[in-house]
Every structure is written in C-alpha cells, then in structure tokens.
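Chain IDs A, B and C follow the sequence of writing; residue 1 opens each chain.
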Amino acid sequence: MNEPPRSPAPDGLDPFDGADGFDGADGFDGAHGLDPLEIRASAVRGPHRRFGLGGWIALAWMVLLVGAALLAPVLPFADPDVSNAAISRQGPSSAALLGGDANGRDVFARMVYGARASLAIGLGAIAVGLVVGGALGLLGGYYGRKVDAFVAGSFDVMLSVPALILALAFNVFLGPEVRNMIFALGIVAIPQLGRITRANTLAWSQREFVRAARAQGARNGRVILREILPNVLPAMFSVALLGVGVAIVAEGGLSLLGAGVKSGTITWGTMIAAGRTELETTPWVVLAPATAIFLTVLALNFLGDAIRVRFDVREAAL
Amino acid sequence: MIGWQRRRLVILVVSLAIVVVACGGGSSTSSSKSSTTAATGSGKPALGGKVVYGVESDTGGGYCLPSGQLAISGVMVADSVYDPLTWPNEKGAYVPYLAESITPNADSTEWTIKLRPGIAFTDGTQLDADTVKLNLDTYRGKNPNISSSLFSLVLKPITDVTVTDPSTVVVKMSAPWVAFPAYLFSFGRMGMMAKAQLADKETCPRNLIGTGPFKLEGSWTPGTPVELVKNTKYWRKDANGTQLPYLDGIKFVGVVESAQRITQLEAGQLDIMHTHFEPDLAQLEKKAAGGGIKLTIGTKGRENRYYLLNAGKAPFDDPKAREAFALALDRDEINQLRNLGRATVADGPFDKGVPGYVADPGFPKHDLTKAKKLVDEVKAAHGGQFKVTFVILPDSENRNEAELLKQQIEKAGITAEITTVDQTAEISTAISGDYNVLLWRNHAGEDPDTGYTWWHSGELTNFGKIKDPEIDRLLEQGRVTSDPAARATAYEGVTKEFAKNIWNVWAWYVDWGIATSPKVHGILGPPLPDGSQPFPILAGLHPTAGIWVSK
Amino acid sequence: MRRITGKLVRLVIVLFLVTFGTFMLIRLFPGDPVKRMIPYGTNLEAQRAKLRAEIGLDEPAVQQYGSWLGGVVTGDFGKVYPSRTPVSEVLRSAAPVTLQLILYAQVLALLVAIPLGVLTAYRAGSWLDKTASASAFGLLSIPSFVLGLYLAYFAGARWHWLPAGQYVKFSTDPVEHFRSMALPTISLAAGQIALYMRLLRSDMIDTLRENFVTTARSKGLSDRRILWRHAFRPSSLTLLTFAGLNLGTLVGGAVVVETVFSLPGLGTEIYNAIIGQQYVALQSYVLFIAVGYVLINFAVDFLYTVLDPRIRHERASA
C-alpha cells in the first residue's frame, strides 16, 4: 500500500492525492470520497491556535447545558408541561425567563427539558456511529484487501444517499420515538465516522512501529487495540463532537419535516416545529430552542477543533 | 483547468441554470393585487375585478365530490363551481336553490324534486333529471364507476331515485325523512356535477364541471391553489337583473397559518380570508376597529368543538370513565388558554337558537376531587389502568390543545398519549375505532336531524360507537315528526341524554370570522332565489356569487 | 479507462441498491397502506383490491420491483390518493422550486465566498482575515433552518424587508420571484459561504507558497495577476469540486428551509407525503432525490477524473 503524498503546509488541504480508483488503498478515493463530516471538519478550523477564551466559554456552555439537562428534575425550574394562564403567549418577563407558549407553558423550562432529549439523540446517534462505524473503519483500514473493499464500498453506498433523506426514511419507517431517532441518525453517522476512522487507520497501519509490532508476532487484535486505536481516537473524537452538533441539527430538521418525535416528548426540534406557525405572534417559543441549538453547535465546533489542535491531528483523515 | 475547457464548463453550467430558473416550478402562492374596472355607487355592486381568498389549506383530494369529504376550504371552492339543490336561509330552513321546488308527500317518505328550466353546465350540457339522478345515485353509492364516501352511509334511507319527466326526480325513502332537504345540502358538499365529470373516475377529481358562478379554466393540480374565472352563463341574476357573479375571477389559496393569512391580508396579497382561531379573531377585531379591514363573524348555528370519545372499547366503554374524563377536564381553562376566554363553552351539541338547545342540561362541571375518586374506581375495575390515546391532526392548534388536555387529565391520574394522523387517516381511524379520544369539529347549522348518522347506534358513521336506546328513540322521533315543537322537545331530550351519559365532551362553539379588505363587499351573498337571505356564515361557509369589489 | 469502467460499475450497483431500498420502503411500513388510502366507502374490498393491484402490492416482491422500476423509467411514479394526481405532475411542479433554491444558494455562496477567500488568503493574518475567519466560524455553526427562522421573523415579519412565506414563479413576475426567494437563499447560502471561503483560503495559501508564485513575482507580475490568473485557477477547481460534492448536504438543507418559508418545493411535498401517509409518493420523492444525488456525485467524480491529469501536469510544469 502506498502512503498518500502529504501536503506541504500543516493546515493545507490537498484532497486530490492518490485518487487511484476502487481498490480503496487511500482514504481519499477520488472526488466523491468526501462525506459531509469531513468537509465540515476541514472547514471548522478555528481562527485560534490555542484553547483560549473561546474554548473555555464553549466548555462552560456544554457543562452548563449537560448539567442542567441531567439535573433538571431536581433544579427549581417550572414544570415544562404545566399550563399557567398568566404567562400564556406572553414574552419574557419576571414570571417566565423566556416567556410562555400558547398553552401557558414556561419556555425556559421546556428548553431545558428539551435539552435532555436533544442531547440524548445527538450523543446517542454519534455513539452508534462511533462504535459501529469506528469498528468497521478500524477493521477495514487495518486488514485491507477484501475486508476493506467491503467496508469502503458499504460506506460509499450509504453516503450515496443524502443524509437527511436516509434519516428521514428510517425515522418514518420506525416511528416517532426518541430511540428510533437515535437509531436513524446513528445509521447516518456510521459511514461518516467510519470513513475517517478508516482513513486514519490506513495511515497509521503503515507506520514503522506498527509494522514492527506485527513483525514481532503480535496478534492483530492486540495491534489494533493497543497500537492503532489510541492514535486514531483523537481524530475520531474531534469529528465526533462536530457530529453531535450535526445530529442535533438533524433532529431539528426532521421535526420540521414532520418526522420528529411524537407529541408529548419535548425536544428542541419539536418545540420549533410546534411554535413555527405562531412565529409572528410568539417568536420566543421558536427562537429560544433555535438559539439553544446554535449555541450548542457553536460550542461543539469549538471543542472539536480544540481537540484536533491539541492532539495535532494530521490531515491523514483527508 | 485549461481555458477553453473551463469556458465550456461555465457555458454548460450557466445554460443549465437558466433552464432551471425559467422552467420555474411550483405555483405562486400569491398573486397581484385585485383590480377593478367599474367603480361608482357606494352600495351598488360593481362588475369586474378579481379576489384572492386565503383558506386554511389547499384541497389535496380533488373535487370528485361523492368520493371526498371536503373541509371548509374545499367546500368554499366546491360551492363556487357547483350548486347544491338546496341552501339554508337565515332562519335555518333549507330552501330550494338549484332545484325549483322540493316537495314531500304526506308522510315525507317521498320527495319530488323539480328542476329549474334552462340551466346548463359549463360544458354546455343541460341540467336535467337524468343528470340529477346520476348525481344522487353516485352520492348514495349506486354508481359502480365512482366510489362514494360517507355519503353512501348517510343517504342509506333512500330506496329509489326515479326520473318522471326531464325536469323531475322522485326520491323514495324507506321511512319518513322530514329533514331531507338539509341532506341535499350536506354542508355544501353535495353539488351537482355534469355527466362528463362523473364519467371518468381518473379525471373526476380534477375535471370540475358545474353550474356554479365560477368555473375552472385550464388544468389544475390538486394540492395547489385553485384559480376560478367567471361563469358567464351562470343562471342567477341579482335583484336588479344584473348577471351574477359580479367578479371576473376568484382564486383560493391555501395558507395554513392563520397569522400569516392576516399578514397577507394586510399586505394586499389576500383580499379575503377566514379563520376560527380566537387569538387571531381578537387581533382582527382590533384591526377592524381601526378601519384597516372588515370583519364578519358568524354568530348563529355555530359548529361545536368537542372531544369524541370511543365508547366501543376500554376505558370509555365504562360510563364512570367517561364521567371521570369530563370531570377532570377544566373546559374554562381550555377556553381561556386556547381562545383567550372569548368563545362560549358548550354543554350540548346544538348552538343557541337551534332546536334542541338546552341552556343547562346538567353536563358535569370541572371537579378534580370527584374526578380523582372516579379515576381510582375505574382503575380498580380495570386492573389499575386508565390510559387514553388522543388521535389528532398534526397542526399546532390541535397539538397544543391535546397537550393541554393531556396535562389536565394527568392531574386526575389518567395517563395519555398523543398520536398524529392526517385528515384521511383520521376518518379511517375513527371508523376502525383505533383511538380513545378524537378532537373533532362538527354539528354546524340548524337542523339537528344531521346528528342521526353520528349518534344512532349501528350507524357506521357513529364513530363514538354510541349505544344509547333513549337517544336512538329521540332521534327516530325527530326524524319522522314534522311538528317543530315536538321535534325541538325530542332533540332537547338528546342534549339532556348526552349530559347524563357523557358520550362526548363538548368544549365550545366555534366562531368563524371572514376578514376582507375594505374594498370587498357582498360576502354574505345575494338573496336566495326565493328572496330570503342565505344563512350568514355557516361554520365559515358563505356564498361567493355576491362578492364584489369597489374601486 | 479501467478506472472509468470501475466507476460505472459502482454507479450501477449504487443505483440498484438505492432504488431497491426506496422500493422496499413502502412495503416495510407498519400497517396496510391500502387500508389507509381507502378508509371507507362502497364496495370497500373491491376498491381496495383494485388499488392493491394498481400499486402492485399483490405481486411477489421481485416482480413488483421490476414493474415499479419499469414504470419509474418511463416516468410513471404512481399516484397521490385519493385525488389520483400523478406523482410525476407533483414532481414537475415541486422539483424546480427546490432546484432553484439550491442553485441560487450555490451561486450566492460562490459569489460571496470567492472574493472573500482570495482576499483573506492574500491578507492572511491581518485583522480582516481574523474577522472574516471568526465570522465564518460562527456562520458555519448556525443551522440553515435556524437562520431561516430568524430571517423569517426579523427580516420578514417584523421589519418587512423581504417577503417570507410566499413563492412567485419566475414566469409570473421575475422581480417578485427573486424577492420571495431571497430570504430562503440567504438562509441556505450562509453556511456554504463560510465553508467555501475557508476552503478556498486554505488552498490558496498553499498555492501562494509554491515556487511558481515566487518565480512569477520575481518576473515582475502584479499581485493581482498572480492571485487571479495563477493562484486562483487551480484552487478554483478544488472549490468547484467541493461545491459539487456539497450538493448532498444542500439538498437536505434546502428541503428543510423550504418548510420554514412555505415554498412549494420537494420539502413541502415530502412533508405532505409523510403526514398524509402517501408512501407511494414519498417513495418517488426519495428516489428522485437519491438518484439525482448519486448521478451528480458521479458526474463530479467523473469530471474530476477527466481533468485531474491535466491539473497535475499543469502544476508540475508551472
């Protein structure tokens, strides 16, 4: 296997190396080999070089969000399902931080409770993608030949359908439950995370120390787990964080398309979908979850990039 | 890339782009503002002009009327293109419209429909008895070519439709049917169609041929706005002898969001709009007070917003469960949150002024303590379970209401789940009984006999699977009695029986508002052929033949 | 040549899998679709049997697939029930709207991103570069439908700058057409602008470091000439290829943005099909998008393969 020629500059982008067809020898199989996460990852290169203030703010937001979501039942938030006529259709006030919706429910409370489901969906989907996609990518990248052809081929086929459409189809087919949403988005995440794992595995597999380990007779499983995986992990995690953001956005998009979780479960997406028709009269109902999504994606992008910088993830992914 | 290659690529891409743009797709959801040709005379209708009418949705099912179950948006279009045989006047009586006369025999088992002479469809064919027979037979499901929907169930009592001469049709019933003329209207859904439209099942939904004030010109895709033009050969004239309709054209555009309809009305993209959403009606009233728009709200014979319970299976086959449900609901709070407290809470199916209305029939008032107690009793009798599934349409209005109901009954210990389906699936669900509660709107108008199909045991359209011998008896009585006082008493009995057995939970009477730009007049319609005024806004329905625009 | 045949073979395999997958969609949904399409009426069973035959649900699966595919190839995508409108008609009406949105978004994105990308690469490290990069980072993080909601509310409903929630055909009124498409296009393009700008910037920075640039400078060529005629040209190919590959994400984004702005395109039709449980129609929409995407990807890939050697040659000789 040839090592793909490296680009000269550290943050350069040379996607057109080693485009030599369907033997899957390189991570970048011709122009159509890029998947949405890779494009995203390459572009989300923050203007900073160190963790910096932005990174800390991002981290703080995520900690705050996850904390609030986990501890919501014990924290002094209003009940997100209870109707309070006094705040019904009222904007932000002292009674309700972010106003009340048409049913008189506290929008701030709903946003926090919505975080629970939305984060669960985002994290769950990426977890599925990481585990399944990662495993497949490792196996394909390491073993090469037929295994890799199968793995790379499957990824290519799955990437051939626009992600939203794939998720939509699975979601509609399976039904409007949170776990089905996780499954559907997880399926979409598998090839995206798998490709990056595979590309990284390919590059690392050719390194001297790996070859040495194999020459010394170490078993394949051991090599994968102890030599390759730890080196591939940073790249995977970096992209995974971006992926969580993408999955949360996807949940929002699917809800707007009518394929969201069922009525009664609060997610940011369903809040937006439900409040959309009264956008003009009660905009806060929609703008609150929308802003929450924005801030979360922003924070995740920051963090994902920070990890990439911290562990100096090489462009072998691309 | 090499210069010439790149140039070629650019040319290719640009030409492709031009094709995509010019091919243009979709259908404009707005159009230019209405214009007028005639002016003059405050009060005297001017000829010409077009209006754009914003309705709740574009009708996706098409207009093969016997196969459809049109909502108000579709009915407005249907009644612009087709004419039904009867029309309700402001007193609530169903008078002959397309028909010249509709006369019963002594015991109302036989009705003779005499048609007006010289009326033609827009394809030139005459409105004759054969065509009317074809229509009626299709509606009652006797036409193998075109399937009939709920009409076939509702019109079951008809045994025979005969043509006695080119302009007379005799309809025979299996039993006396005093309110038959109301059924010939069927809330504007029973227009008369030309033979040509009924001939081809494939094109029937889109090939609209009627006798109405407007007609469809050119092709139309269901689910998109309908653009109608004046039917120059319309059979009706106004009191001064002027040919109706006044307008040159009318376009119906579906705008799902009520708030957006208001915005578009103010911006001039719409000339007329309707809504039943109380917060928006409040907003419209304010704007009307300022003179920016005109608003007319229908205050008579209002339809009922209610919660249809499925008594055919657990838990609502148990009367205690139904009572617990009604007690747990706080209909005043629902009215407050959903309608800003503006609507009138209903305790029975009929609006004030309709025979059968009872001021206080004893419908259970909100009582959480009593509800909790009953819930416990129900749970004890049913293995600790009291769970209901709401089946609703997916729009946010319904969703918000269902979530409010869920939250209210959960306080009493009833667990709930909400499932969303679309309009067609909702009827399918209703028939199959795959639900516990449906959020429904129905029972508009003046004749309470229309409740027969909904409440009489054994009827397929009795979605709630109501089995109440007393209600059955009273409905049968009301159907055959021609004495108005006796009928009223019978239907009052029905209301009281509903309050006792709680087959449905009545929520409120729905106010429909028609808002127009100040230039639009005549929405309540021209006088009916017999001189009386048409019913003023029947659950949003009003004639379009009399609309005119001033300069 | 062998590479091209390889890609063709792959194309056929992917098309087969995609079409088969969407075909199976309708048969995998829970419940009986025919019962849902004809819930009541006279001669119920007879009507349903007729419909079942019409859709092909009474044949064995493989035969169904064949006849369905045959129908699709000849343009028969089935019908929407109960209006019996041919789905092809709906597609003909809705697809151009979505295509227009995607096209305008790409054009706008490129128009804005190219000058910005070149400029920031030229002035790498300056405050302009840092500001632009930071803004790009922010824009990348805001989901297109979230931006759409903000724009619809502020620019549309509050300040009435541009219309939101209507669509005017180009043939009806060109000016109104573009006005009605402005907000949706901006929503969709914003993220792409950021993406393309950063990609172009990266690539240009690399190119500007290469020998031929120093040579050109020493020859006395103006900066402007170097930038646009020598540095931009190879980078533009990268950018265009990215833009082509990005169409997949754009399709997903366009479909969701459409529902935010009530544009009568494929997004709205998909929504209607899901809510109305019109699985025959949904199948066709999914198919249309998926196949279109596959073909475009293949075309971009193929285009690149054809042009690639010349690029390498051009660069090497420069």
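Convention: a residue touches a chain if its C-beta (ideal position, glycine included) is under 8 Å from a C-beta of that chain, and two chains touch if they have at least 3 such contacts.
Here the structure is a predicted model, which means the values were calculated and not measured.
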Exercise. What is the identifier of the chain with the smallest separation between its Cα mean and the overall Cα mean?
Worked result: C
Problem set entry | Comparison of B-C and A-B (more C-beta pairs in contact) | B-C
Exercise. Once you find the CA centre of subunit A and the CA centre of subunit C, what distance in Å lies between them?
Worked result: 20
Problem set entry | Distance from the mean Cα position of subunit B to that of subunit A, given in whole angstrom | 46
Seminar exercise, completed: Between subunit B and subunit C, the Cα-mean centres are separated in Å by 40
Seminar exercise, completed: Residues in subunit C with touches to at least two other chains are numbered 157, 275, 311
Exercise. Considering subunit A alone, which of its residues make contact with at least two other chains?
Worked result: 258, 276, 279-280
Exercise. Counting only residues that touch at least 2 other chains, which ones in subunit B make the list?
Worked result: 256-257, 260, 263, 394, 420
Problem set entry | Complex contacts: residues of subunit B adjacent to subunit A | 256-260, 263, 279, 283, 333, 336-338, 392, 394-397, 399-400, 402-404, 406-407, 416-420
Problem set entry | Residue ranges of subunit A in contact with subunit C within the complex | 7-9, 11-16, 19-22, 30-32, 34, 36, 39-40, 42-47, 153, 156-157, 159-165, 168-169, 172-173, 175, 245, 249, 252-253, 256-259, 272, 276, 279-280, 283, 286-287, 290-291, 293-294, 297-298, 301
For this session: In the complex, go through subunit C and note every residue touching subunit B.
Result: 35-43, 47, 80, 82-85, 89-90, 92-100, 103, 107, 157, 163, 165-173, 176-177, 180, 233, 237, 262-265, 272, 275-277, 307, 310-311, 314
Exercise. Residues of subunit C touching subunit A in their complex?
Worked result: 2-3, 6-7, 10, 13-14, 17-18, 21-22, 25, 28-30, 130, 133-134, 136-138, 140-143, 145-146, 149-150, 152-153, 157, 194-195, 198-199, 202-203, 205-206, 209, 238, 241-242, 244-246, 248-249, 251-253, 255-256, 259-260, 267, 270-271, 274-275, 282, 286, 289-290, 293-294, 297-298, 300-301, 303-305, 308, 311
For this session: Over in the complex, which subunit A residues touch subunit B? Could you list them?
Result: 81-83, 85, 88-89, 101-104, 258, 262-264, 273-281
